[in-house]
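Structure record follows, encoded as structure tokens.
To keep things simple, chains are lettered A, B and C as they appear, and every chain counts its residues starting from 1.
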Amino acid sequence: MSAAVMSSAPTRSGPGLRLTLALFLTPVVLWLGLLIVLPHIDLLIMSFRMDPSFGDQGWSLENYHQFFAEPIYWLTFVRTAGYSVLVTLLTFLVSLPVAFYVTKVVARNTSRFLLTMLLLPFWVSELVRVYGWMILLRESGVLNHWLMALGITGAPVEMLYNDATMIMGLVYTSMLFMVVPLVSVLESLDDSLIEAACDLGAGPWTIMRTIVVPHCMPGIVSGGIVVFMLTLGNYLTPNLMGGKNSLWFTEQIYNQFIASFNWNQGAAFGFLLLALSSCIIWLGLRLTGQKLSRVVQ
Amino acid sequence: MPTDISPATPPAVSADLSVTRLVKRFEKFTAVNDVSFEVERGKFFSILGPSGCGKTTLLRMIAGFGSPDSGVIAIRGRDMAGIAPNRRPANLIFQHLALFPMMSVAENVAFGLKRRGMAGGEITRRVQDVLERVGLPGYGGKMPAQLSGGQKQRVAIARCLVLEPAVLLLDEPLGALDLKLREQMKVELKTLQAEVGTTFVYITHDQSEALVMSDHVAVMNAGRFEQVDTPRNLYRRPASAFVAGFVGETNVWSGTLEEATGDAGLVRTDEGAVFRARVAAGLARGARVDMFIRPEAVLIDPDGATCVTDGATDGAGDGGDAPLPVRGPCANRVQVQVQAILFDGAASRLLTHPEGSRREVMVALPQNRLYDHIRPGDRITVGWDDRAGICFAAGSGR
Amino acid sequence: MIRSLPRSRGYTMGYGLYVTLYFVFLFAPLAVTCVLAFNDSQFPSLPWKGFTLDWFLADLPARTGIFHDRGNLSSIFTSAQTAILVSVLATLVGTCAAFLFEQEEFPLKGALYFLMLAPLVVPGVILGISILIAATTAGTFMEDVLGIDVGILRPGFWLVVLGQFSFITTFVTLVVSARLKKFDRTLEEAALNLGATRLEVIRYITLPFLRTAIIGAGAVAFLMSFENFNTTLFLVGSEPTLPINLYLQVRDGSTPVINAISFLLIVGTSLVACVNLYAGRRTEVSS
């Protein structure tokens, strides 16, 4: 492929230029071809085949049929999708006031410091953060210790392993990916627009609704896409903070691959998850008229 | 020097805006230092000063962005202390206009009316009205990004005018335009203001904008008002060295006051030449002075021409106390050598040196063909009236 | 509501309170984890039983500090090896990709660029399973058809490296591209004009300009690799990386050793993060 591409590059001639093009193109094509394109094609192929231990049975939709036939599968799928949307929404609601405060309200030199503080926890491994929540919230955890010491509760309360805690954990994990794009669009919002709106008679809520949120739309979309994608594909947080019966779809995939060793079924699940995430991202971009290449930057 | 309004005087009824002894300090410096002024209803008032003189801070305080440390701002006689910007009958045109890029022209203009809870039909009607008035009929559906610089300007004005504010505040709105458009907008703004009759308070660092458009101009420097006057008087009768240097072009001669009687005096320049000039109050014999003389007041070959000098004061003139001119011989004259001819159409000048001196003296070069014979290196005589130059204490303009 | 607008007391205080709570929320789990690493107790929980460094240094039957915990130490070592390899590879290929997309023109560039962005929107779990499947297919093919047993294609160290490399490279590409966009191309033209070859231009003009961005991207790549869980989960063999190893321990109950490891991770990553932020700010200022 690369040879054909090279010889047909007419814009800049000369052997030196072709050499650098080949030099740059080869590793990139190898990377994307072997590690992105091929594996996903393989995933798709595998999802349309049956478990080879029963002998090769050719193409089949059985894996997808299984998904719809077994309520636990598609219920988990719908649940995961729904909760991911909810988490994205909550993350936005929690993050916007903070991003606004850091960029627009607080004095400029404090703003730098606060921003650094906002980013710092997210450099730490997700596992460490989840673990922190676990020792805070569990029955023998720090919070229960304090609640009992203050006499608010008599007996320890199990605050882990339920949906609410899991959602909180997912919001916590995702906040950074919402705050950063929001801060960057808010920094580009000229203060005089807010002042002008106020000068023309608008109150804080109106300014938020008519000026700030419309201006932030690109940041909201890119933050939303990343948060949604990461939440949908999260395994750690639902697995460690969610209850035993609060299944996440990634856990189903894990079970098929590692526990049941049914890779074909797992591949079908994986493909469904990929399709869902692509669909919602596409929808989000479509509804707000944005381009992926712009959103990721 | 600040205009003299004692804080006890209640604002005159006809004043749309009255500012009394306003002070604003930031950590290190005083941005606005004891400023008082009044703007009568329907007038175009400008505040002219170099960047950093405090004019933007002053304007923003009138709009309600930032509160003064002391002093009173009253709009139509009502004290504005503690009133938020969105409740003040004053609207601000921002330096970069601050049109909302996510809204159409009509939505921009309707923004303030909607905030007042006006009915939709009424809003549409008023928006159309005001867009017509600023010369943009049918532009309601466009987005700000589709407009030219001048059109954006007009939308910003329409967006404020539609609210019928008592005072319209303008923060150097012409600064971002190119020269040609700026000239055009100056005239447009002036006519628009005369048409709608709204009181305008305009700040700028561009003296031409201030002089062309305003009824009254305040020259601001380092937080204080140096002079509040008509454009003509600012130019002819500057009250301080700063005003003399900032408004219009000027030559400066440093020297010593030899004689002073009333406002007339005799100056001996450091080169030894002696000139007659007006003298600012409070200067005594022997004082070090700077004498300011405008290039256009310097006449080439004064024997063949006649100087124009101030005569009796005409109280009813449009310039207030500007004296009527009378003709007479030029009292001051000096031999100079032409170093260069700076041709610039109507603004052409000669760059000259007085004999035996390295001081540069600019002389206006009228393009009436009378002086076409002048070449670089020529020695010529220039002269000016004894009341054209004005002396202030040396260094007081800096 | 913003700096220049007057605000009511209630509004200011309410808003300040919200932001304070947010920061408490942000730091609570990390702070608790760190503090309990020094509690003289068998469990990572209160009450406080006194300060101890046992969970770092002890080598007793009841307590094994992290510096004597062979399992965890070897997983840290594995993670470090993986992260170094991944960050070097990703930085190399990512820089190539940045040059390719910013400075070269070729057919199908748009499509290839879109493909380069794909790992951003593909969940890590799916990247993991698809690479697992592809590697297994390739391995089976090699064995059945060519009769060669290729160890690299089985779950283990090399597959983890490949899996992490596949998406971390995208981040490196974006970081280096962002810097390359600010590069003044007339500098290159001047160098070419003075007789340099294209490769010399890159070597002496462009790469020095990109140096801080490349180092920063490498540091981020190292951290991302060191901490990766989702993709690694499916590709890991008999030598678990640190996150996988910790996950297995957390899932089956916890000891303060985990707190001790977390403490070291928090301190370490904070240092890297601070250096990175500081360096990034300096280039921002100087450019």
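Please note the rule applied: a residue touches a chain if its C-beta (ideal position, glycine included) is under 8 Å from a C-beta of that chain, and two chains touch if they have at least 3 such contacts.
Model, not experiment: these values are computed from the prediction.
Which of the two pairs, A-B or A-C, is linked by more C-beta contacts?
Between the two chain pairs, A-C has more contacting C-beta pairs.
Among the chains, which is located farthest from chain C on the basis of C-alpha centroids?
Following the centroid criterion, the farthest chain would be B.
What whole-number Å value describes the gap between the mean CA coordinates of chain B and chain C?
60
Taking each chain's centre as its mean C-alpha position, how far apart are chain A and chain B in Å?
58
In angstrom, rounded to a whole number, how far apart do the mean CA points of chain A and chain C lie?
Between these chains, centre-to-centre, one finds 16 Å.
Multi-chain contacts only, two chains or more: what residues does chain A have there?
195, 198, in rising order.
Can you tell me which residues of chain B touch two or more of the remaining chains?
Each of 64-65, 84-85 in chain B touches at least two other chains.
At least two other chains touched by the same residue of chain C: list those residues.
Those would be 4-5.
For the complex, give me every residue of chain C touching chain B.
Listed in rising order, the residues are 4-6.
So in the complex, which bits of chain A are touching chain B?
Going by the criterion above, the answer is residues 190, 192-193, 195-203, 206, 210-211, 214-215.
Looking at the complex, which residues from chain C come into contact with chain A?
Residue list for chain C touching chain A: 1-5, 11, 15, 18-19, 22-23, 25-30, 32-33, 36, 43-47, 92-93, 96-97, 99-100, 104-108, 112-127, 129-134, 136-137, 162-163, 165-166, 169, 174, 178, 197-199, 202, 223, 226-227, 229-230, 233-234, 243, 246-247, 250-251, 254, 258-259, 262, 265-266, 269-270, 272-274, 277.
How about chain B: which of its residues touch chain A in the complex?
It comes out as residues 63-65, 84-88, 91-92, 94-96, 98, 100-103, 111-112, 115-116, 159-160, 163.
For chain B, which residues count as touching chain C in their complex?
Contacts found on chain B: 60, 64-67, 84-85.
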